[in-house]
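Dropping the structure in here first, questions after.
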Amino acid sequence: MISIRNLAVNLGQFQLTDITLDIKENEFFVLMGPTGAGKSVLLEAIAGLVTVSSGSIKLGTQEISNLPPEKRGISIVYQDYALFPHLTVQKNIFYGLRFHRSSRDNSVSRIRNLIDILALEPLLGRFPGTLSGGEQQRVALARALAIDPAVLLLDEPLAALDPRFREDLRQHLKTLHQNTLTTFFMVTHDFAEAIALAGRAAVMNHGCLEQVGTIREIFQQPASPFVADFVGMKNLYAARFSGTLAIIDGISLELGHPSASSTGYVAIRPEDIVLSQEPLVSSIQNSLNGTVKAVQPLGFHYEIEILVKNLPFKVLITKQALFDLQLHEGSETVVSFKATAVHQLAGAPA
Amino acid sequence: MISIRNLAVNLGQFQLTDITLDIKENEFFVLMGPTGAGKSVLLEAIAGLVTVSSGSIKLGTQEISNLPPEKRGISIVYQDYALFPHLTVQKNIFYGLRFHRSSRDNSVSRIRNLIDILALEPLLGRFPGTLSGGEQQRVALARALAIDPAVLLLDEPLAALDPRFREDLRQHLKTLHQNTLTTFFMVTHDFAEAIALAGRAAVMNHGCLEQVGTIREIFQQPASPFVADFVGMKNLYAARFSGTLAIIDGISLELGHPSASSTGYVAIRPEDIVLSQEPLVSSIQNSLNGTVKAVQPLGFHYEIEILVKNLPFKVLITKQALFDLQLHEGSETVVSFKATAVHQLAGAPA
Amino acid sequence: MRLTKKEPFFWVTLSCGLVILAFILLPLVEMVTAPSAAVLKETIQDKEVLQSIWLSLYTAGAAALISVIIGTPFAYLLARTTFPGKNLVEAIIDIPIIIPHPVVGIALLSIAGRNYWLGRVFNALGIRIMGSVTGIIMVLTFVGLPFYLNAAKEGFTSISPRLESVSRSLGASQVSTFFHITLPLAWRSILIGIVMCSARAISEFGAVVIIAYHPMIAPVLIYERFESMGLKYSQPVAVWLVCLCLLLFLLLRVLTLHQKRSA
Amino acid sequence: MRLTKKEPFFWVTLSCGLVILAFILLPLVEMVTAPSAAVLKETIQDKEVLQSIWLSLYTAGAAALISVIIGTPFAYLLARTTFPGKNLVEAIIDIPIIIPHPVVGIALLSIAGRNYWLGRVFNALGIRIMGSVTGIIMVLTFVGLPFYLNAAKEGFTSISPRLESVSRSLGASQVSTFFHITLPLAWRSILIGIVMCSARAISEFGAVVIIAYHPMIAPVLIYERFESMGLKYSQPVAVWLVCLCLLLFLLLRVLTLHQKRSA
């Protein structure tokens, strides 16, 4: 459906390089990555809102990278809704229609259907400024789908919403995707959204695609240290393998199974590590003594950095645990985790 | 040392009402509360920077509420450092000295000592704009303590710092407190800072003090539903007690011990609740079937809202758990927690 | 730290404030109250006065109209692009504001004369600058244009380019988008620009008096009456002109306060 | 959505821009290049010209000085307090900007006459307004003051009140704090205000010509030479005055660009 080949965009300080990506018809595809990775730039390049410096973007068989945005048939929905503040909800939704010379009756009934699905009937006469965030985003969705676009681009559509309305809108996105033939291409940095909505996804960093695959592949088998870090494996080490052991700076970690390669990366999620005063007597197969280096609050939790010899471990604990263990800089503590918590990264060389 | 009686401040939309508080000499006292609770206003009232509408503030035996700020001998350190950008570090630190006619030699040696403790010697000739956040805050501390104030007010002094430097500055605060006779009065919203630094603390909300006591008292025996919520007990219910059971809307929770009163509040921390597909066979004494109502991302974690009959439970789980349990709106799940996780609030009537 | 009544310094600042307000208000109040109502009424019925005020309004309005027509696209260009030398271009736009007023007249006459190619072009086309309404409009456009450009530019800058992006992606061309989205959203800034441009144009005297003593715009008439008949005879005309300017000023204040509040 | 060269609309906006730049630059360039170097040299050695330029500089400088002395405390008051009617006070401060220039002269003469109490006070004190340097300075202060006030107010507003709070808590009184902290931090805005006030004052003509045709400031001299000797004899004086104004303008641009960058 969309096939992007060696796409490059140059915006002075920022550039996209060598983006190659295929998205199938009517797929729900998600693009993830940290702030500043270039996700929105890629989106705007597909929409024709930034100038492409080389490469090709095809929609089906048609090359579109040189078409102006109004000729592409691609709609875009922004995080900040971008509703036209001087037009009523009704006029916002019907805005695109006058520029599309499809048989009008058919369009109107399709839009009526959208208005029903998104429950916008009671809002039609109002102005965007009087609506809540969730309502505005529903209007923006209706406006974007009103022209029956081949592709709908969504730039973090749920990010600005009050969390109470996010679930509701996520549900609407699902319904709309099932009810139209439009391909959905969504940018997000929230993993939960990807899990809930998408089949396939890509992870982007510094203007390049790091990994493209199913959600499960990305989460369970990150292709690079960056993706591992992005999916929450904050403890990442270059290791040598020997039997069922991973050896890092002289510290041996039990993998539970022999390794296929002799060098590579291993990663451990901070929430998979348990802290205790004394070594734990249990099924846990890795247990190391360390010293607390830093305590950092993260909203509900605290991230504790612990040095085992010179190897830093990041561990996530609750307020209660911080209080019970009386942790502070310099405390001695024991770091424990199961062999199954040690992930070997797929084919990453040391 | 500081004794505040029935203090009221009226700033139009915002007011402090009936603040009564005693702080001992050389104590390290912490004031906590959500944004907009009025913590900074109380601080500025003590410093003489906002006008008090009624009540008294005494420093030792002297009534100070009508003195201009320059006559109070109370220093203040702000979150944004507030260094004088046109003066060198040296001139910033010595700024207050010319206005204080204590024996100059003694002051100078005291300030030299401060500069040593805070390792500011190499920075003396530089301008604030060229310093890192941590360096700037150390200068602000030296400047504030240079005049040997009776009280040092600290308005979230660590909040704007890069997390890497926070631990360092916290350590400095501790050292300075031990090396001076000054009373420290710090505003923060970070519980970890309170645990690390303070003996006693107060929790503020909507311009009133909700609880004053030791850190342990506030954390373990919150005096009100607000404080319970503030210290992380997000699940809070009005309950009837019968034997060792708390009964809420027809749902019985095991407390593990008989209750002294017949009605009151119970609270459960979201991180003390475990989710599973099947009921757990273990020492866990409360196990209830529920339906997922909402999934909300919180950085590293997800907050899941679960309805057991009509009773909402908030539960905190990891990305991994979200993925393993494949939770989404409408999923059936089992909510389990120990009897000891059910906190009865001290003397709160239903 | 706010200033409070407890501080002696507060009273110093307040005294300075009162002196300044008196310095601005006393002359105006005295001038407005000096002529009797009868004289004011008589003045506004004077055909010469009416004609000059009408000419002032007409030429200032024409200057504003020209500014809107050629200034709006340029303001949009400045709001939506960056290019090397943009600072210089913006400086050039502000030059008419700081040139002494008679010099503006002299400069415009310099290109209208027969020894300059543009002057010869004008002459061949039968366009007269010196002593004509055309000349007055040209002068007023010169002094008023920067105010319109700056206000319109600010208005365009404050509109999110995303709204235009969405409009494009919904099928509207660049020009369609400009007329359906950009212009309706910038109308208040454009109106502010028109009012500022007209107000500046109406108050101009030094540049006009060089180019065209006749036909007389209101400020020239006031000067003429002052010179030939004295203060007493110029005051009533000045009162009427001030009222006109204050009306424009009031309109401007209401518009900008509204804009601040809704921003 | 940025404007790009692909769009026809871009070329429309660019053409308008070029027309506007030509309209502003052509007259100035022609005026500046019309007199020969020899004529320019001769003009600047003309005693009358030198005197008038010196008088312009001197009176504009005096107006700026007065603005600084009485305007600085008031600007600080406006930056640090809110009170009901503040909008009205700020509107009054801006009034001198929009009053037509000859009307400013008429208004100031209205209070200087013998039939007004202030005029009698001036008279008793031996202060002459009409046709005097005092009168010129008064007019220039009237038109320049709002520019100084607005710039200084903006400067004070941009200084965090927390810096003043800290200074107070370290033992400095309100006045000490103002001179040690506030003023040194606001110096650039104050300088901008001084330059804007002087530039406005130097370019004034219409108001001065009412109050004092003699002694002649530079804009009046230009007008006088144009009226009595024609365009050719007024141009060289205008060139020198424009150079002076452009110098001030350049200084202002450098100051404000610096400020933007450091903000």
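For reference, chains read A, B, C and D in written order, and residue numbers begin at 1 within each chain.
Following the convention adopted for this analysis, contacts are C-beta pairs under 8 Å (C-beta built on N, C-alpha and C of every residue); 3 or more make two chains touch, one makes a residue touch a chain.
Bear in mind the structure is a predicted one, so any value in this text is a computation, not a measurement.
Inter-chain contacts peak for the pair C-D, counting C-beta pairs in contact. Comparing the CA-atom centres of all chains against that of chain D, the greatest distance is found for A. If you average the CA atoms of chain B and of chain C, the two centres end up 56 Å from each other.
Between chain A and chain C, the centres computed from C-alpha atoms are 53 Å apart. Multi-chain contact residues of chain C (touching two or more other chains): 1, 7, 162, 165, 168, 174.
For chain A, the set of residues that touch two or more other chains comprises 49, 68-69.
Of all residues in chain C, only 160, 162-163, 165-174, 176, 180-181, 184-185 touch chain A in the complex they form. Residue ranges on chain A touching chain C, taken from their complex, read 44, 47-49, 68-70, 72, 74-76, 78, 80, 82, 84-86, 95-96, 99-100, 143-144, 147.
By the touch criterion given at the top, residues 163-164, 166-167, 171, 190-193, 195-196, 219, 231-232, 269-272, 294-302, 316, 318-320, 322-323, 328-329 of chain A touch chain B in their complex.
Against chain C, in their complex, chain D makes its touches with residues 1-3, 7-10, 12-17, 19-21, 23-28, 30-31, 34, 70-74, 76-78, 80-81, 87, 89, 91-96, 98-103, 105-111, 113, 116, 118, 141-142, 145, 149, 161-162, 164-165, 168, 174-175, 177-178, 199, 202-206, 209-210, 218-219, 222-223, 226, 231, 234-235, 238, 241-242, 245-246, 248-249, 253, 257.
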